[in-house]
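Quick heads-up: structures coming right below.
Below, chain A partners chain B and then partners chain C, in two separate complexes.
Here is the complex of A and B:
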């Protein structure tokens, strides 16, 4: 079995991002920057109705707008629209304004239908069905184990709680979109995607073109988080517009579009009952949950489902359980995988109720976790983290913090699979000593290029910036989608293999015994005219899966105004062998900030009367800003013997739960509903004045 | 947005002359251009008022300071004298949006900006304020809405500066037809109290020229609570200014923001403070008077305790 080198110069260390300068100077070309010769703008007309029968759409007037080169329907014939923002038609033109003008001239004949956009209303029998043939509330999916009634009877303490989490909208900084050129030769698509091959196959399948005639390029992209695997309706529309207009079409969604139709994290409503023995051993657990994935679970969801279900009782093993999950359909955009699908709501509910139980049993929250968490990795992490965070000094009885501004601490744990496979890579050694590594993966912004350069540099004893890393093109050896935190664990072994084999070939061909480092140039020169190209593929033994992480949060809550400030998050995370430390830590920072958004700020707000998303912008869909970001202290459990494991998803899971627990610790009352906004804090403290009848 | 023409006015008269029935004054454009992009406004002509001589000046004075309507919020925030003399104004300015917004947003535009109600701002919702049939917020998502109003629309005034300026007793100079009128901040918003369609009292064509702030030998303060730590609208804001005589209040003004369509003032609360030393119990009683008669809706009842806390803190801040 291959093994990673023991002595390293770059692996596991801080190495500057190889594409950092290109990104900060703006020379890096993202999908939204690509401008092929003769390109047109593309735009989508969306439904203004949350539900309607569409009998006719006339594009005639739109086609007359100066500059408009193509106008197409999403689908011919009558159709039923099921949410505000569903795609109806698309236009391509020489300017944004021409497209905007054209969209306003498309005539849609529609008969509005009744709709329902809120989970709590949709689950009533009287609610209008989103799908004609099935009720909005699905049959429960039930898992049972042991004897629940008996077990609860034997518990020394039983707690019950109700927890809710909102629908989050996917808001990567680069919106969804593609620039597509469809000619007789085939399709070239510049895609903002986390899966160039899945976009290729999606386009080929949708449009009936051979896969060999579809090329997808994604050199730089601005985030995906689970929502950018397939070409999406917008990708297929861009291609069809390109064919119709005989020109490349760039169709990037607006921020408004982004709020409606590219997928989201489902909501959850969790009724939980948990019981334990006097010493805190968990004995019985009952969950009755529902949530919405919009009109359905929709979208490609590599790396996890897009449904409203979540793992329960999450990371704990409890002998007697009953878990019931139901989905509720509403007239709103559908869910898609969203950074660690299912886990953040699972962690929030479970870790919240666990803290309630700890309080009831008069146990320290860390203690009750050490007593029940089956993972040896997290056991270690809780101990390490508690020490570093100063848990013993900071933890106090809930609600015992004096003064109007109360401090509190909380913790929570998470698990994730990750793991790799199915990737090929090739190394091209040129006679002048330059080296190219090619791999058909893509960089979500996580630093894949840097990761590849770090590995090649260490194995060949070169400098990372001596290596040309080329990724994001379906003409390169294949790799999978960047989902489920699998990229590092998939790509690293393939690059390892390509580099080791290329080195061996170089040494064999040139007779240089050790061609690395100082000997490299001379050896390459001996290649003659032709470069050496050697392929490699993912090998077992260099990566693994299964990670654990824990986080500690320290907060300040103003009990008079309800304002919550997170002061500090300490994160202890296992990710096997750290390849590129800088980008790895950057994943942790990003994950925690996203978790902070889940905890305190983000939620999609639907309006019952009009059926629209009320906050389709960054003014009212609130994301954490610099002023909100706490001190983040990261401890990476370095375990090189496990090989490479991904880190992108696990680090965002426990943040919200840890913050919620810290808020409950500060106040002595629990806010069981995310996001924890000032109004909810004041209501929980009994300060809010009820509405006049 | 719809196509439009653009002119730059070089004088108040020419600005007014250009302003036809479907034209709009353009200052920093933060509010107006965003509404045009959402097709909430479709002027046929934009009359740029940023180059009118004298309207971008900060003029210090012993009796009062005069700020031109085109002074940017960033300049107000960064002026060290304003910070010293009118801390409430400085603090209110510093909380407006982000630095990028403050760099272009003007005083006049801030005072004359439209409602931020999310129904009003939604391109596909036609509510009462847009001359539609009904207020959707009243029975809908009204977390950010008014506790007090004199009309069926429950959107709130959102200009931070108006709250501070009301507490400071500022006077707004408005060009109306051939004459320049002097309005209190209360006058500037009075119409929005009664009329669901109004955002302020300015009629089409009225141009804010300047704002005069009296230099009073007292202290002032402003505070707000938002959901985020920065770059977020106030859920509730409060400004207060007082003149003291031997530690006792001679005269005071307390103003609440984001709870009514106007900067919300209650004379009885101001009167209560007169002749007294500000302490916690007094501040609490002042809060009672300000908040009396509040009519919370389904989602905005939290604004009452929040406002109470802010009133108390702002008043105590006056004591230094």
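Here is the complex of A and C:
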């Protein structure tokens, strides 16, 4: 079994992001920046109706607009539209302005249909069905264990609560999009994607082109968060426009498009009942939940919802449970994987009700978690975190904070699977001593390139900047999509294998006993004129799955304005073997800040009357800004013996729950609905009319 | 049946000029000063020549170079920089002044390039992210961004760099609150916020150290 070196020079240390200079000088070329010779702009016309029968779309006038080179329909013939923003047609032209003019001239004949966009309305039998053949509310999916009624009867304390979480939009700053050139030779697509191979296969399948004739490139990409795995309708449209116009077409979505049609995090409505013995051991748990994934989940479910489920009772093992999940279909864009799918809502509901139980039993929230959390790693993390955070000094009875600005603290835990596999990489050693590592993975901003450089540098005793890392091209050895926090655990072992094998081959071929470090150049010179190319693949033993983390939050709530300010988050995260410490820490920050948005600011707002998304841009869909971010205190729990583990997802899970618990601790009343906006705080304090959920 | 034919949109045909004209003639009873300012603006507008809608030649001063391009008058500075000057460092993220990814400097002041017409930027010195480094030497803010890892995907990075570069010019030793204020118009989705503040302070000469602690699990047992 291969093992990572015990002594390291770069692994686990601060190494600057290798593509940092490209990113700070503007030379990093993202999909949106690629400008192949003769390229055209592409744009999509979207439905202005939340539901409608489309009988005709006329592109004639659009085609007459000067500069327009192609105009196509998404689909021929009559069709039914099921959400505001669904794709109808697309144009390609020599300027953005020409495309905008053309879109305005496309004539759509449509008969509007009844629609429903809110979960609470779609639940009702009388709501207009989003899919003709199935009801909006799916049949419950039920899991039962033990004897629930009996167990609740034996509990010393039982609490009940209702918790809701909103639909979130991924909003990567680079929108979804592709620059595609389709010629007789095949398709070349620059894609803003988390999976170059899944885009290749998607395009090949959709457009009926051999996979070998589709090349997908993603040199730099501006974020994905789970929403960018396939080519999407926009990718296929860009390709078709390119073919029709005989020129490369760049079709990047607008920010408005981004809010409508390319994924979101499903909502959740959770009715929870939880009971425990007098000493706080959890005995009984009941969940009745529903939520919406829009018109389906990633297009996989033709009606009936789905995709809104989440793990329950999350990280806890409770002997008697009944869990019921239902999906509610609404006329809105479909959900897609969103950073740790299912986990943040699961954590919010469970950790909230657990704190309610702790209050009832007069137990400290950390104590009740230590009593019930089955993970020894999280047990350790709670102890470490509580110490570092100053939990004992800061925790007080809920609502006992004096004055108009109330302080409170809360905590929550999370788990994530991750793990790796299925990746190949190759090392090319050139006679001049330069080294290239090639791998068909992609860097979403997580630092994959840096991770590869760090590993190669350590194993070969070179400097990270001596290594050319080439990724983001389907001509390189294959790797999977970057989702589920699997990239680090998939890529690292493959790079390890490629480097160790390449070193061995170099030594064999040149007779240099140890070609690393100082001997490297001389050994490479002995290769003669041909470079040495050696492939490697993922090996077991160098990575693991399964990680746990806990977070503590300290907040201030202004009882007069309802404004919540998070002062501090302490995060203790198990990371397996830390490869690239600097980028690892950045990811922890990023996860926490996204969790902060979930807790306090972000939600998609639908309008029942018109069926539109009311906040499709950043002036109304609020992301955390610099001034909103608390002090973030990180403890990385290093476990080199477990090998590499991805942490992009686990770190975003418990933040919102910890903040919500801190707000409840500050106020003495719980706000069970995310985001915790000032109007909800004031309503909970009885200072205004009850807020709508 | 409904259709989306949009010919003869009255709202669109109501230009600013016509609007002001109507206002000028019907502003009976408004305060004299207001009438005067409307009249003054009308006069100014009448003195301007109308250009477009066809492309017109313009000259932009970008990163110290005069660049001649032809654009329709409705083309924004951002569109012109990215797609006509081919400097793609400034990013289009919202195209409506809400994210700061398109930030460039206009005579040293950070502005949203998506909120200004290219032709209005003529005669002003424009600095984009491509113009920050000197002969391959990163400027102190760029250098600090790399050292502090104040970026992840990097899509927001050019905008932040320009906001902070402008801040440091104005206030060479800002505190964290001033950095937050200077970046209030910039968004980042990856969550690089703490490190952006760190990098700005570092670029101003403050030494910053990571608070992060790494604890070996094996040592705990």
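One rule holds in what follows: the second predicted complex is superposed on the first by the 680 of 693 C-alpha atoms of A that agree within 3 Å, B and C clash if a C-alpha of one lies under 4 Å from a C-alpha of the other, contacts with A are read in each partner's own complex, and residues count from 1 in each chain.
What we mean here is this: contacts are C-beta pairs under 8 Å (C-beta built on N, C-alpha and C of every residue); 3 or more make two chains touch, one makes a residue touch a chain.
Only a predicted model underlies this, so the values are computations on that prediction, with no experimental measurement involved.
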Clash-or-fit label for the pair chain B, chain C on chain A: clash
First, second, both or neither for A:400, with chain B first and chain C second: neither
First, second, both or neither for A:677, with chain B first and chain C second: first
Partner chain(s) touched by A:610 [first = chain B, second = chain C, both, neither]: first
Partner chain in contact with A:317 - chain B first, chain C second, else both or neither: neither
Touching partner for A:48 - first (chain B), second (chain C), both, neither: both
Touching partner for A:626 - first (chain B), second (chain C), both, neither: both
Partner chain(s) touched by A:560 [first = chain B, second = chain C, both, neither]: first
First, second, both or neither for A:212, with chain B first and chain C second: neither
Which of chain B and chain C A:688 touches, first, second, both or neither: first
Chain B or chain C, by number of chain A residues touched: C
Set intersection of chain A contacts, chain C complex versus chain B complex: 48, 97, 104, 619, 624-627
Parts of chain B lying in touch with chain A, wherever the complex brings them together: 1, 3, 39, 116, 118-119, 122-125, 136, 139-141, 143, 225, 227-233, 235, 294-302, 304-306, 308-310, 313
For the chain C and chain A complex, residues of the former touching the latter: 1-6, 72, 74-75, 79, 82-83, 86-96, 98-99, 101, 128-130, 132-133, 138, 142, 145-147, 149, 151-158, 161, 179-181, 183-184, 186-197, 210-218, 220
Footprint of chain C on chain A - complex, ascending: 12, 14, 16-17, 19-30, 32-33, 35, 48, 95-97, 104-112, 171-175, 220-223, 225, 252, 254-255, 377, 380, 384, 388, 444-447, 574, 578, 581-583, 585-587, 589-594, 617-619, 623-627, 629, 631-641
For the chain A and chain B complex, residues of the former touching the latter: 48, 84, 97, 100, 104, 256, 404, 558, 560-563, 565, 600-601, 605, 607-610, 612, 614-616, 619-620, 622, 624-628, 677-679, 682-683, 687-692
